[in-house]
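Right, one structure below, let's go through it.
Which chain is which? They are A, B and C, in the order written, and residues in each are numbered from 1.
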Amino acid sequence: MKSFRTLSKLSALALAAGALLTASPAAAQRELVIGVTDALTGPGAVFGLPQANSVQMAAREINAAGGIRVGTTTYNLRVIQYDDKTNPTEGTNAVRRLLDRDNVKFLLGFCCSGATSAVASFIRREDAVMLVGNAAERAITTQGIPNLFRTRPPADYTGQAAGAFVARQGPRRIAVIGSLEVGLYVQYLDAFEKEFAKSGGTIITKEAFGLRDRDMTPQLTKIRALQPDALLVIGYVEPAAFVYRQSLELGLTVPRFGFTSGSEEQFLRVVTSAQMEGVWDLKPTELTLESASPVGVRFDANYRAAFGSSPSPSAPYAYDQVYVLKHALERAGTVTDTRRIADAIRTATVPPEAVMRYLPVGGQMFDENGQAYTSNGAFQWRNGRWVFVEDLPSDPVDYSKFLRSLRQ
Amino acid sequence: MVEVLQQILNGLTIGGVYVLIALGLTTVFGILGISHFAHGSISMFGGYVVFYLVTQQGMPLAFACLAAMGAGFVLGIAVERLAYRPVRDASPINAFIVALGLTMIAEGANLQLFGADQIVIPTNLQSVFRIGALTLTELRFYIILLTAGLILAMTLYIQRSKTGYAIRALAQNRNAAILMGVNVSRITMLVFAMSSMLGVAAAVMIGALFAIAPGVGEGLAIKGFSVLILGGLGSIPGAIVGGLILGVTEALAAGFLSSAYKDVIAFLVMIIVLLVRPQGLLGKHS
Amino acid sequence: MLEVRDLRAGYGTIEVLHGISFEVKAGECVALIGANGSGKTSTLKAICGLLPVRAGSVTFEGERIDRLAGHVIVERGIAMCPEGRQVFPEMTVVENLRIGAYARKDAEQESDIAAMQDLFPILRERAQQDAGKLSGGEQEMLAIARALMARPKLCIFDEPSLGLAPKIVAEVEATIARIKARGITTLLVEQNSAMALRLADRVYLYESGEIVLTGTSAELRDDPAIARAYLGE
């Protein structure tokens, strides 16, 4: 009890010192707090942790380069981050804490669709701006929420392009295994199937696995007996890695396509490089060194230096959010009027610091749905790494119209 | 036919791991009437230790396993002495609450010490055996062998050794066992130690075959209790039969019915067994 | 050999033994008799360490045993054949006998099992059967044999005739007489006072947790107090 009291005294002291520090330097230098809600634990942590790290990194870079200049005031960014544990309830609680207790107006991160959809359902009524990252559930940007923007394109935008690509590769009978109780993967698969069917292909079975499943041999044994031409794996990295490993162990040697967005490091924790050889990943053109611009190469190097591991390919979705926000704040000339800031984001062009290669719609980064698009790409595992092979033809203008048509 | 055999082979591996977990739970339940929920999470601690010893200290896997099983033995004793013994003579609800609290502590400790990322215990068993159209990885083969060995050793120990007699006697009639000269405290401690040791072995198998991550231990404890209910609470042959049945049923259900409802179907089988035989497959009438 | 002084014990807030004193000398057979609920079985449990002693002392071969754990008391040489037999139902007859010798460390345990089977032939016939499948009388024989397997210095019988058919009761009585004849010190708790008076050298009469009468069996055989104790005033 005594030590507890001492501790709370100490932390009060620390708070006071912190307040002094932020208040004391030149009057024009102030602090702006941004909040991150992301999966730091749980099955989504493979995406959430790198995203949260990327936001920290971008904030540090911006501060080091002199902060954000709004009118005559310069703001330094401070990041508060909470763990949503890949859980909608926890995600809602975390955002409420940011909004109500920490008085944060800018919410970043959001890697996973469950927690993100929960927050999206009420964010419209809040005096805040929400920037979604890796969460790919389509419905997040079909509701016309004026203060919500997403850097990653929806899953079916990619699924459609992937279906066309796989059809060109030749297989006719495909077996699917994936997280089929998760909305975004179902959307990817639906778009894939529609596109794949246009060239006469069929999906012969759809097998599901749970987020925590690691033993896929029953499903794969069933698939093996059906003798498919190819395997399509859609789901989080970790279960997907086990599918790749166990498919070979069961002697299933057909071509393997996937939609997983995992880094080399993440896969190699579970499977050997030899077991991954030849696997395709059909996904938004995210960060890989071959496809990266000089900005991307710098991002990768800085991230490794700061966190001692390589960033996940999807990590820049969150990194780019910070720069989108920076430019919008500077253009809007306010850090409090969230409506003007949201307008500034909606009319913004792609920031020069962006790592992902966005395809603007009508010259702007975000379309009327608050959605940004990247190109989609086909990546193949060759000798221990993901190699960018080709762009998947995709039409953001067309898809943007389709997305708008889904709004109620 | 090949597919059925392959599915049974798939299911036997994981079923064996269920047996190891259930054996620990069933002996603890038999002697103390405690539902030791923390068993899975505490076992996973051992799995993490093996991972740490192998990847950070470069220890050979076999030594790391022995070290971790030794650690599990000691940990089991500690859990019994520090957590369960103080409530031994209190009402059963106290032990129940202790068990829940212990689960949270063990899960929290694992998270703090080893992080939220999943870990896979590296082995260099990469080859695959093919018997006709059946495939079996080297790793699974050794796991099946090792599980069979541990189950056999445990069964012989319970059936033949003097301590095994004491364990069974204590489970069947506590006072009469004391009148035979059975030292209740010593046997209880030993049972916890052995359970945790088997649990650690199971965790290493899970860690090598699949992965260890937060929540995996709790999930395994739930499977373990399903096995207990299926086979009969406190019954050792019940734990063995129940574990294998659960493993194989899951595999067959996923393979022939629906992979989306793999767990549901396994539980459905359990409910049906309970409707027909409420005391479990090998449980005693009461 | 066994000396109990001012023994008090109870369950929860209720005291059921209000200062019990008696002794058993080496080679003797002593019986505790009295009505149901008068505290006889509680006394045995207190001696064996199953019920905590609240006051008073239990001395065995000159040493206090009233603070010892149950299994240590067994190791000192006291074996009990508990009320209701309490054999281990899912262990075989032989396994039940074997665990009777749990506290022993010598090498003659297997030969003792054979000796017990000579004494109780039914235990040889049923050797591999689960004890729970035996009849009540067979279980009683098994429980007695199991207690003897410990090679006790003092053998305690708690209500050995309870719930058995008259013919079996006679058999049990003959068995205990034989044990007594081997020179094993015995302490017997029995509701069947006629049987107790036939077997015991000395008798203590219980009434509501106290000893109200004591004497040799011969002295008490015709004492009206005994009939009164069972039938009520």
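FYI, a contact is a pair of C-beta atoms (placed from the backbone, for glycine too) under 8 Å apart; a residue touches a chain by one contact, two chains touch by 3 or more.
Since the structure is predicted, the reported quantities are computational estimates derived from the model, not experimental observations.
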item: Geometric centre: closest chain by C-alpha means; value: B
item: Label of the chain whose CA centroid is most distant from the centroid of subunit B; value: C
item: CA centroid of subunit B to CA centroid of subunit C, Å; value: 41
item: Centroid spacing, where centroids are CA-atom means, of subunit A and subunit C in whole angstrom; value: 76
item: Centroid distance [mean C-alpha coordinates] between subunit B and subunit A, Å; value: 37
item: For the subunit B and subunit C complex, residues of the former touching the latter; value: 162, 165-166, 168-169, 172-173, 175-185, 284
item: Residues on subunit A engaged by subunit B in the complex (per definition of touch); value: 40-43, 45-46, 49, 177, 180-181, 207-210, 212-215, 217-219, 221-222, 224-225, 238, 242, 248-251, 269-270, 272
item: Footprint of subunit A on subunit B - complex, ascending; value: 2-3, 6-7, 10-11, 14, 111, 116-120, 126, 128, 130, 135, 137, 209-211, 213-216, 219, 250-256, 258-260, 262-263
item: Subunit B-touching residues of subunit C, taken from the complex the two chains share; value: 48-50, 69-71, 74-75, 79-80, 82, 86-91, 95, 98-100, 102-103, 146, 150
